[in-house]
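The next part holds the structures, each set out as structure tokens.
Two complexes are shown next, each including subunit A; its partner changes from subunit B in the first to subunit C in the second.
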Partner chain A sequence: MVDESTKKTLSKIPLLKTKAGPRDKDLWVQRLKEEYQSLIQYVQNNKSADNDWFRLESNKEGTKWFGKCWHVQDMLKYEFDVEFDIPVTYPTTAPEIALPELDGKTAKMYRGGKICLTDHFKPLWARNVPKFGIAHAMALGLGPWLAVEIPEMIEKGVVKYNEKE
Partner chain B sequence: MSAVDWEEVKRLAADFQKAQLSSSAQKLSERNCIIVVGHLIHEKLLEVISTSDGKEYVTPQHLSREIQDELYASKGRINMVELANSLNVDLTHIEARCAELVRTPETGCSIILGQLIHNSYLKTLAVLINETLQLKGTLNVSELTTQYDLPGDFLQHLVEKELNKSIHGQQDAKDPRVFFTERFVARCRAAIRGALLGIQKPTPIASILAICNVSERLFFSIFEGLKDSKQIAGVLSGKQGLNAFFVPAIYSKGQSEWVNNFYKQNGYLEYSSLTRLGISDAQGFIKRNFPNEKILYLPSCAVGPLLFDQVEASIEDAVSTSSWIDLMPILPSVMSEQDAAQIVQDALRKNKQTKAEVLCMSMVVPSTLISSLTNALEPLVQVKAQEAINSGKFLQAEAEQRIQATMSKKSAALDEDGGRTSKQDERRKKATGGKGGGGTQGRETKTKSIKKKTYGKSHADSDDDDDETPAPVSKKSGLVEVITVKDIKKEFVSQASLNDCPDELINELAARILPSVQQQANLAARKIAETAKASQVQSSRRTHGELQERLSNLLSSIRMFEKGIKMFQSDSETQKGLTKYMLKSLGSEIMGEIIKYVGQEHQISTAVPTEASSITPELRSKILNELPPTLKQVLEPVHKALVGASLDDFQATVEAALAPGACDVMIRKPDKKKERQGLLAHRMTLLGQLDECSDPAVALHLTVLLLFQAATQQPLHASGKFVMPILVFLKPSLPDDTYNTLQKYHDLVISFLSTDNENEKENVGTLLANELATLKEIAHTMKKLPVSDKADKSEL
Partner chain C sequence: MSSSSDLELKVQRLESKLKEAQELLEHERRKNEGAVTKREKIGQMSAEVIDSNPYSRLMALQRMGVVENYERIRQMSVVVVGVGGVGSVTAEMLTRCGVGKLVLFDYDKVELANMNRLFFTPDQAGMSKVQAAAMTLQDINPDTQIETYNYNITTVDNFDNFCKIIANGSLTGGPVDLVLSCVDNYEARMAINTACNELGQTWFESGVAENAVSGHIQLIVPGVTACFACAPPLVVASQIDEKTLKREGVCAASLPTTMGIVAGMLAQNTLKKLLGFGTVSYYLGYNAMQDFFPTMRIKPNPTCDDSNCRTKQLEMKDRPQTPTGAANKEDEEDVVHEDNDWGISLVGENEPDVEPEEKEIATGIKLAYTVPAPTSDDGGDLVQDTELSLEELQRQMGNL
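Moving on to the complex of A and B:
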């Protein structure tokens, strides 16, 4: 099950309408626009709730996404790179979000730093095609994963705080 | 188109970046902020006060400012709870700030009863109070307390402080909580003075106060002042406080004037009229008003010497003229009977007057009058006593009394006292109290006497009106009611000295006199009864003696004749006949005498003939049945023996009957000398009878009897039909010629008696008359015959 706060966050993210993948040319543009609008709203939501936790940008076509995400614990900010591609079958297939830095540091991760999403994610996503977009994937997938896995890894000493300049 | 779209995508991407970067400005969440501020306060780095809803923080300085503003807005007085509400700050902070404010004198604030009050408010309050004071003339701090909802002490302090500054008035010297203005006092004084001057009769203070609208306390102080300055006339009476009465001097003056006048005119004073005048303690008032008068205090009025003297004089007058007097007309009509009774008693006591008595409460009767009345009753007493005796009531009642007195001793007395008189008493007791003649009457009197007993107990000490239920015996005096109150009253009505006498007095007099008269009557009755009894006893003794004499004679003659009868041993037939005859004649006579005596003694109902001989056998048995069983038991055999043929039986039964237990008659022992005298007397009587006799048959009978006596020296009692057998018996001892003469005469008598022929009867009658002289001659001469020896011998 998705926890209460996640659900709440999720409901505040605008739903998408256009069902189009990167191959769909014009429709993809349409879709991309909706994705951006959705992301902007989500980020604004986060900011207003003082819950900003990632930076994202994409390539020109909007098929490749990268940026940073962070987790604050004990007054320390642990920051990780984040990247994922829009699959060809998108939006039917969900994007596979990866944290390459943490590859091999936790069991809840596939080869290449792709995070293992919960059992709930996939059916939920499948039910909501095409309404869910990137913002939903972040909120529903990466957010909860970070919240569970990072403190565990910090505790294990797998992840260490490195001072940024 | 797609170019445009892409442009748009680029723009959106830029926007997205911008959004991510720009709006990542710092934002402190509310929770954090609260924690931060809390931390700061805790660290004493920041001094703020949070509002009660927790939304805002206020600095203490600002709060003080706000409080002062609020105080000003609410005209210098505000409740701290109200402040807490309106400033949205916790009450504790408000209180703390207020305390701070009070501590700094410049603010001019104070806290009273959880209210913050500014000096300006106090000033306005003083002005307000002054206004009310001037308006009402008086004010009480306690009233202010309720009006302004401030503690009394505070207001008291305030008023005292402002007195003569902003509050113009004066403090009550007796009650510091009361303030008033001079004008008010003056107004009250004027009102009270007016009221008190106007009052004509005693008035309760409460009603005066209600009319004048003046407080009780002020009234009394003003009253004292007015009284001291002699502006009013009158006093306060009764209890202190509101229940006191103001009695105007004019009223008390009028009162005492009235009392004085009334007393001077009438010589007495009635308590109830004094009470009507409003004098509660009438006796005390009289005592105070007439300290020098000798006043007699009666239950309902007081009497002066004037009236008392009058009473005394009339009593004396009555005593000297020995006539009764009713004092009620002399006394004022208001006096009750108790009053009259007391005044009369006092008058009598004072003069040591013992020669008069008080009856009916107010009537005086001199004892001389009473004694004269008693004397006047003397004839009535005698008459009544006689009546009581005659009716037997007196004796009955007395006997009953005696029975009751000796109820316990009675049986013992009966046993040990066998004497004659006690026997008689006992018999009488039996007759009156028991089943005798007046059985029902006796019982009735008994029940009556029981009633009387209870009555006497309950009324033992009140000896007036005793005339309710007259009973034969009055227990307490032991007197028999011979005379009743009614009788006395009847007598009194005719008395001249009791003219116009009211019935009550007659009643009382009668009741008063009754005991002594009753005693007299009882004495008289007893006297009469005693004389009657004495005579009765005498006569009964006499009759008893006579009876004894007669019975003795009869018995001795029976004995005498018995001997004669025994001569006929050879002729048993004749002997039997003679015996029967004797029993029938002499025996019956004895029995008759006994019966007559016993009958009289026991007062049986059947009329007993005065002549003993006229008692028939039937009458005898009837009387016997009425006699007491003991007597009947002994007399019954005698009655039976009379019918039998045995002289011995008869004699034995008679003796038993006459024994002390029964008829109690002493019979003399047979005496030779007496016997001879009896013989002689018998002969003489027979001779006497013969001399006077002219009837040939009777003459023959007498002659034969005489001859028998002469022949046998024994008398004989026989009837005419035994003449022949006697002649036959006498034949051997008679000279033949005599016998023949007698025989011849006998035959003639027989033929005379049996013939029916007139001529023949006449002839025989003349013959017999001729022969009568010879017969008498024979009887006289034949004194002793040779046979007598034989007879004596045979007797021996």
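Moving on to the complex of A and C:
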């Protein structure tokens, strides 16, 4: 199951109220506001826990999301682009989070750099529709994925530290 | 010393080798000139048995009385979503059977990593799957009209177009006869489900397990049978303990055999549905480890999450309909089983009593997962109502 620290992180992310997808016009705007509220709170939680690890923004319609996520190891910050589309069936189906630059570097990815989620993700998401949003997908999906996969890729040498000025 | 008969034999062998080489050379020369025998279009399917008639063995089905009117296949239009290990083979089978029109959707490219599967060849690596498939299929049968769309159907931009093609994509500009889901992920299946429930479009779902040793097909008639959202996905139990299945370092496995068998099951049931022969399976599973093919029927869930599914269920109550044509009338009466929480009822040899709590819902078939009641520790408090506009929230997020 989901580990204790993830559970604790999840319990502090505000839940969403509006069940609406990108085809639902006005209701979608309401949902989008809730998404941002939830995400803002989550990033603030991360900051105050000294565990700030991603930034996201979206297009005006809230259908395309992009940003950065990072992993710190041995005082070095490894940063990656994140992107995903909101599917028409959202929030019944979770967004498929992708790290395109890592495509082909690990077997734990589907085409296009979409991360391979654990078997626990789908049931947990399904029973929390529509309360889970993008912030929850990040905390439950991408967070644990980075924690496991990036150290492994660093060790194998497929991910290298890039000095930033 | 060789006798003269030995020499004669040698000359004969050499002559035949020379002839082979000449033929190969001629084929290559014509290929380079772009003049390789392209099969000409054929106006009408003929039952005449001559070596130049590609339809003679198919039309024989009609002569034998298996199919009443085989040539009807030429009026049929089928959408294939996902042209991977299952979709490409299914499309090839339908093309060889002379289906009137195929519409292919996929946003992926052919990769060398796909070469453990059927259909695509290494020289096609780098091409879009739909384009590569269209070229091969058009070569095999120029009578089949092939249309391709190289995009992801789950995004907002493409979904409306996808729906339009289902609704108006037939040879006569009406709804297509059948949609075949050959995708490899839940999100795309749900998108197809949403579209088909909205349009009242009959479709087949198909799938191969990520461990490559089981698969299934499922007929979905909106309002009549369970839709893809009526219950968690149904999967064939593979007799492999999930706990011992090693998932580290790998996402999915695949076998050309399992995919070919599932494609065969899908194309076969498509033909039966389109041409009205035999019995169409509602759910047909394949367990490769035991060579076991479970079947069942699933009733729609009155509390399905998809509102169009619920609406269609009410419509269908007033006007019952046999989803599989005349061939299945008897079978229709068998479908009286207790409902459970998932709205699943079963027919078949096994006819087990089903406890809703149980994961296995028929012999060899189980739900991919159960969805327990929400617990309070899954997340925090609800978001508060806010006076801020979306733009203000977006700015706030940007300033973090």
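FYI, the second predicted complex is superposed on the first by the 165 of 165 C-alpha atoms of A that agree within 3 Å, B and C clash if a C-alpha of one lies under 4 Å from a C-alpha of the other, contacts with A are read in each partner's own complex, and residues count from 1 in each chain.
Keep in mind that, in the parts below, contacts are C-beta pairs under 8 Å (C-beta built on N, C-alpha and C of every residue); 3 or more make two chains touch, one makes a residue touch a chain.
None of the values given here were measured: they were computed from a predicted structure.
Enquirer: Applying the touch criterion given at the start, work out whether A:Y36 contacts subunit B, subunit C, both or neither, answering first, second, both or neither.
Expert: both
Enquirer: Touch test for A:D74: subunit B only (first), subunit C only (second), both, or neither?
Expert: Touch partners of A:D74: none, neither subunit B nor subunit C.
Enquirer: After the superposition on A, what does A:E4 contact: first (subunit B), second (subunit C), both or neither?
Expert: A:E4: touches no partner chain.
Enquirer: Check whether A:P14 is in contact with subunit B, with subunit C, with both or with neither, and answer first, second, both or neither.
Expert: A:P14 contacts subunit C only, not subunit B.
Enquirer: After the superposition on A, what does A:Q44 contact: first (subunit B), second (subunit C), both or neither?
Expert: both
Enquirer: Counting touched residues of subunit A, say whether subunit B or subunit C comes out ahead.
Expert: C
Enquirer: First (subunit B), second (subunit C), both or neither: which does A:E57 touch?
Expert: After superposition on chain A, A:E57 lies in contact with both partners, subunit B and subunit C.
Enquirer: For A:T93, is the partner it touches subunit B (first), subunit C (second), both, or none of the two (neither)?
Expert: second
Enquirer: For A:K25, is the partner it touches subunit B (first), subunit C (second), both, or none of the two (neither)?
Expert: The first partner, subunit B, only.
Enquirer: From the superposed pair, tell me which subunit A residues show up as contacts to subunit B and also as contacts to subunit C.
Expert: The overlap between the subunit B and subunit C interfaces on subunit A comprises residues 29, 32-33, 36-37, 39-40, 43-44, 47, 55-58, 62.
Enquirer: Contact residues on subunit A for subunit B in the complex?
Expert: 25-26, 29-30, 32-33, 36-37, 39-40, 43-44, 47-48, 50, 52, 55-58, 62
Enquirer: Where on subunit C is subunit A touching in the complex?
Expert: Residue positions touching the partner: 108, 152, 154-157, 159, 185-187, 190-191, 193-194, 229, 232, 242, 247, 249-252, 305, 368-374, 377-384, 386, 388-390, 393-394, 396-398, 400.
Enquirer: Please give the residue numbers of subunit A that touch subunit C in the complex, ascending.
Expert: Listed in rising order, the residues of subunit A that touch subunit C are 7, 10-17, 22-23, 29, 32-34, 36-41, 43-44, 47, 55-58, 61-63, 85-89, 92-94, 96, 107-111, 116, 119, 122-124, 126-129, 131-132, 136.
Enquirer: Where on subunit B is subunit A touching in the complex?
Expert: Checking each residue of subunit B against subunit A gives 1-2, 5-6, 8-9, 12-13, 15-17, 19-21, 23-25, 27-29.
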